[in-house]
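Each remark here refers to the structure printed beneath this line.
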Amino acid sequence: MTQAGILQDLFASITSRGRRLLDPGSRLPATDIEVEALCEGILSSLGEASGKAMAQRFLSAYDARGPESRAALFELLWARYGIDADAAVAAATAYRDNPGADTMQALQDAAEPRRQELLRRLNQAAGATARLVAMREDLLKLLPARPHLREVDMDFHHLFQSWFNRGFLEPRRIDWHTPAVVLEKIIQYEAVHQISDWDDLRRRIDPPDRRLYAFFHPRLPDEPLIFVEVALSRDIPDRIGSILEENRTPAAPEQAKAAVFYSISNCQAGLRGISFGNFLIKQVVEDLSRELPNLKSFVTLSPVPGFAKWLAEQRRSEDGFADAAAKRELKLLDAEEWWRDEEAVYTLQPLLMTFAASYLMLAKTEVGAPVDPVARFHLGNGARLERVNWLADTGASGLGNSHGVMVNYLYRLADIERNHEAFINQGTVATSSAVTRLARPVILAASL
Amino acid sequence: MTQAGILQDLFASITSRGRRLLDPGSRLPATDIEVEALCEGILSSLGEASGKAMAQRFLSAYDARGPESRAALFELLWARYGIDADAAVAAATAYRDNPGADTMQALQDAAEPRRQELLRRLNQAAGATARLVAMREDLLKLLPARPHLREVDMDFHHLFQSWFNRGFLEPRRIDWHTPAVVLEKIIQYEAVHQISDWDDLRRRIDPPDRRLYAFFHPRLPDEPLIFVEVALSRDIPDRIGSILEENRTPAAPEQAKAAVFYSISNCQAGLRGISFGNFLIKQVVEDLSRELPNLKSFVTLSPVPGFAKWLAEQRRSEDGFADAAAKRELKLLDAEEWWRDEEAVYTLQPLLMTFAASYLMLAKTEVGAPVDPVARFHLGNGARLERVNWLADTGASGLGNSHGVMVNYLYRLADIERNHEAFINQGTVATSSAVTRLARPVILAASL
Amino acid sequence: MTQAGILQDLFASITSRGRRLLDPGSRLPATDIEVEALCEGILSSLGEASGKAMAQRFLSAYDARGPESRAALFELLWARYGIDADAAVAAATAYRDNPGADTMQALQDAAEPRRQELLRRLNQAAGATARLVAMREDLLKLLPARPHLREVDMDFHHLFQSWFNRGFLEPRRIDWHTPAVVLEKIIQYEAVHQISDWDDLRRRIDPPDRRLYAFFHPRLPDEPLIFVEVALSRDIPDRIGSILEENRTPAAPEQAKAAVFYSISNCQAGLRGISFGNFLIKQVVEDLSRELPNLKSFVTLSPVPGFAKWLAEQRRSEDGFADAAAKRELKLLDAEEWWRDEEAVYTLQPLLMTFAASYLMLAKTEVGAPVDPVARFHLGNGARLERVNWLADTGASGLGNSHGVMVNYLYRLADIERNHEAFINQGTVATSSAVTRLARPVILAASL
Amino acid sequence: MTQAGILQDLFASITSRGRRLLDPGSRLPATDIEVEALCEGILSSLGEASGKAMAQRFLSAYDARGPESRAALFELLWARYGIDADAAVAAATAYRDNPGADTMQALQDAAEPRRQELLRRLNQAAGATARLVAMREDLLKLLPARPHLREVDMDFHHLFQSWFNRGFLEPRRIDWHTPAVVLEKIIQYEAVHQISDWDDLRRRIDPPDRRLYAFFHPRLPDEPLIFVEVALSRDIPDRIGSILEENRTPAAPEQAKAAVFYSISNCQAGLRGISFGNFLIKQVVEDLSRELPNLKSFVTLSPVPGFAKWLAEQRRSEDGFADAAAKRELKLLDAEEWWRDEEAVYTLQPLLMTFAASYLMLAKTEVGAPVDPVARFHLGNGARLERVNWLADTGASGLGNSHGVMVNYLYRLADIERNHEAFINQGTVATSSAVTRLARPVILAASL
């Protein structure tokens, strides 16, 4: 009996005999071979028409498995539901020789792993979208040890790109009228400036000069995909402390001049690589501009997460940006609590400001993008590097990662596209003249 | 200067010089070359990040065009944004020789027409999904005269299949509390038993024993995709008149025994080939079962649209199902208003009932599916041919298309999958014994 | 056995024996004596705590009765649940002699008919508010023949005044997204310019330059209490035809200069005497001012329903406002279709305009209010009589009631209170100088 | 110049000159005389038609005042806006001598303090209802020191009784999908078993076997009026600990046999005397019966707040329910942590159980109602005293107030009215036979 025959048979036994496995109440773990039969069933003509119950069963079977067993299932998806390479070559050749709708369709079918159709049909089950996102989260964790599974991941990514298309995202404002079930996720997902408890959350969403906006997907109504926290203020703030302070007097939104994006967090690990941040920031800039015409600047107050590491390299390097004099002075950073020492601060401030500006403008990856991931994100969105702020974050991670420096990126609607284009095409980092001035000594030295 | 160079340049002029075209308020029609530049822009890295305005502009440009000019645009999409066949062969070969995530990605990219990415990015614009559906509606009308555009249509179809995945559809009950903006579309889209006006509509959704359910997509909140009309009744009805009667006394839903699906209409011509009906019927069967446990049967009251045409063929044919005696008696059908003539009815009833049953059970297309499209749909969904009803629709089209015959298809949840499988795999038409008995004389004769 | 004893007993039999009457499913009509027992039960300590079922039963009993029998029930309410006059005198005297909270409470209790508490407790039943409103509608029809029932009506009025307090009304905009169940009531209740069908309705709510606002009460969610129709236009319109025209090109709301209230309709006959119109107009003026700062004028286009009748009186009267010359010329009005006769129009226009202005400014009731009910309403709200329009409504009722004349009343927020005060205190009719000029000849003649 | 004249004048100056006070943005405190002028204005014909702005101003003036100044304002309401006693006597006499609608209206007007109309008109302002409730909260605090203000309070009470009529209350289920703005109020208002934080709250509303229901009023959408917490469980619980435990495994609602009302809290101090609890419990019993037909008992788990105090009296009293032997044994209660001492418990249990049952059944106020307020509430609602639970609450207040005893009251829909009637009319306390048995020794002794 052939393998296909066995499966056929097995599947028949599943669907007719007692339907033990398809029974949504069944608590029996499904074996690998049963899961494979389920996959075949879902991909069959039967699955096309009425795969909802089978999809449900597959997802339950997945949930019931432990990590080892989940990995085995991904291996199955990899081994059996990929592309048939010979068929793909044949189809491509046929299309080349005889282009037309039918050969084109055949080529696309041949070039698409069967997994994609499987995932599409799994998505019919109630609540499936959220569960598929969670499934990919598991998969991503397996990739380092099993790099070949990246092929499987690519299918998830491909479909999520389509399902989580910008056109399907709903922007929503989150405030104190939002259901608790969503709010607790904001607490949980905030990744930049941790939210310590419900009172802290309330301080970020309830006062009239604080806003929080998120994207939602219609199929995950209680799950934010990404959110951004905004402070409305009279000036562009130069340190995070003034924003997170507990006993502030809130400002009147109608008198604010700046909207400050001080935290942006992705919520779904399973949606890695599907980018929302860019869209969300622009949406919020548009909405706030309309609502509060008094707002003149849209800026971030952002960390510089790679600065300390890069500076350490410069201090070690023979041919970096730091000369002997600079290296000597930078030793002050090695003292504990250097930032409370007035003299050290006096020496370090101009030096660190210059190096921070230079880092952001000049430190590039092999493909020419900024080394700093936050800079890469905002500059790639078309923002401008506006200001470097001294001792702006003296928390543990602020000092550890960036010697306390934070920066403002400026979103000016009229310039976003030009900045973005110059950044993408020429690698140009848009900067204010103040930042350029800060970096000048290093730029000049580098160009000698 | 190369073609690409020209476009580049043109696009640059669009984006920098005055942004005349991107201005959402602009009323200037875009030339073909400008539209092409827009396409390039949308597909560029700029479009990836901030293509919303360009997408908006493209869609406005499309809307502003007349039929000729729209056809030209589809031709452009066909000619310039398809698959590069040589590249596809090369990618397929590379994947075969060296399988892995990167070569797989390359193959998929090569096998996917660039149009797909274009359409995905167009979908970022506000309200884009509805407009893309409308665009495909135009395209479908062009296909008969321009069959090569089917390649373009396949890309729409592919994406819509993903976007309108069952998982994203929302079932909603439509009743007299539904907004008028939706109700007027029900009036407009009803395709089986026309709704004459708002009073007629009200008779179909307001009485306690009448229901209407539709699928909606979150991005088209006011547009039903498909809907089904249901009558709750004590018996399985044997004629449409009893359902549509104006001055009925509504029955109490809690005492109904049967839910009758008497009309199902697809609403969006631009979604042709994306099937919803199967899902909708099963959803409604599930929901009604839960809400009204007193319901024992879920049946349709359906037309037999191909019967009269098929019977005419039998009458003409030498070696069809009709023998000389039958042909003689069937001449009674040629008299005007034969159905009011008691004697003719007496003769014709057994004959037509038998032929109708035989038509539905035996008349098959080349690939073995029932000739009758309604039968194909319900039997393919796993329903059973339950009963043939005599003089069930004496309206003009009922008499013209099916000599007044209507049938009930029965949806029994426990049998749906088995029926479906047998239908798909062996072409078996599930029938009640009563229907089988009706067709027996013809079946026996045919098997001689 | 006393009457009270009998009732007590009867009521006991109702509540314990089988509870036939309280059974919500019971279809037995309740006799008068049973209804009386119900009233006693509802007013008893039992009713206070758990009168919902009894209230339900009372309302069903009421609904089941015919007109005669309903009248009998109102007579019962009148005869048995009024004020005990002796007790009232005693309580008032006690309060006078010994003022304090307890005597005050006793006085209020004594001065309040028991009916009020009965109605309050009836209102506990599900859907009771709507049914009590309907009950009063019946009652109002009985008043002409049974004037003593006005005492009963006063209790309804008193409670409705409290329940339908402005603070509990919700303004809502009605448009094409409104549920059909509400829209059909708009069609039904429009009292000024009849809405002929759903297409006509759509023309009034769907175009961007047409608005309809209504007040709702939280307990009657599908029942508008009052609504006003508004046209946004560039100019203050001088005839109704231009507003109701079928094939208009809608104007952009952002370019409108005037908001025209061209129809205002009370919906609930059972709420007669509870005034909403004044609040609704001011609410809409406020809301529209905020939404569309381009609006400069808020005016009505109103009928002058009493003009023709008044003018006929002047023509008959010896010592009215019309002298012999005027009477002679006014005979032109007696010709059929006089308004199509150019010459007649030439003569009549100045005359009728002057008389219309005079009628509105000078014709007063005994208590000094304008005779014209529409004028009374708008002037009482603080509007100004702005303009008289010639041949503004040539429909049958427009010609019959007001010889085709319509007027604009102007609502200017800054003047509303002053106009209102002058109107209430001195009977002053606020008029534009143009209207004053029109009326001057008559005013001068009258003051001789 | 008369007092009225002065006010008139002052009010004129307010309304015309700059409208300083009516300006909603104005921050100037209003003097007493200005407030009085406002009251006059609101009660004038002007106020009837357009008192919204004045009402707004009055409420702001009130809010801006300190406690002293608020008391002065209530005194003003007392002194100037009450009933004119002579007029009331005259009106009552006129009605007696000449009964009819007009004299009746006159009597009612005369017997109603002008304050009531003032409050009705104040309620027109946006958000006024909530502010009037808060105003009464202030007023109630003043009553002990200024008992004459009870007259003012009676007017608030009278109107609130009408506005917060059961017919206007909306029952809502509160769960983890409820907005935070409401949830924080649940935390704040829980009065029986304090909610320590958001996690504690979640344990009470999120698990499938926990429910919380509240009444809301349409004008106070974010403010619960009263709420009840319900635990679904297999048995009638005999101690509070099992309900509030942190690490319970939730039960399936479909398998629960009992719904336990373990906490009921009034939220609005300003609505004292307007009873909701009775309605809420019955509503929840009805709703849960329908939703979960498996529920067989609806019971409370209630404190016995007056027991310890009453028992102390018995121990002191010469002729109470406790004889010498009992008094001796009850001394065990005076030891610290007696309830951890096995022997003491052995002795005390039968004694305390008997005394608790006796207390609830026999201890009555002068008017014959149970002394225990919780017993009064539930028995008055028609519940039955079902079970006395030993060591059911060993928290500080549980031990202090009731020596650890708690009781279950049983709500059986079929008996509610009978129990209620017997309770109201004969003072009968409905008890289970088990409770009756417990109390028997004391009852027998008492009846000797």
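Note that the chains take the letters A, B, C and D in the order they are written out, and that residue 1 is the start of every chain.
Methods note: a residue touches a chain if its C-beta (ideal position, glycine included) is under 8 Å from a C-beta of that chain, and two chains touch if they have at least 3 such contacts.
What you are looking at is a predicted structure, and each value in this text was computed from that prediction instead of being measured.
For chain B, the chain whose average C-alpha position is most distant is D.
Centre-to-centre separation of chain B and chain C, using mean CA positions: 51 Å.
Centroids built from CA atoms put chain B at 38 Å from chain A. Rounded to whole angstrom, the centroid-to-centroid distance between chain A and chain C, based on C-alpha atoms, equals 60 Å.
Listed for chain A are no residues, as none touches two or more other chains.
Under the stated contact rule, the graph of chain-to-chain touches is a ring, a single cycle where every chain has exactly two partners. In the complex of the two chains, the chain D residues touching chain C come out as 15-16, 45-46, 49-50, 52, 82-83, 85-86, 88-89, 91-93, 95-96, 99-101, 104-105, 107-108, 110-113, 120, 123-125, 128-129, 147-148, 150-151, 153-154, 158-159, 161-163, 165-168, 170, 218-219, 278-279, 282, 380-382, 416-418, 420-421, 424-425.
Remark: chain D residues 176-181, 183, 197-198, 202, 222 touch chain A in the complex.
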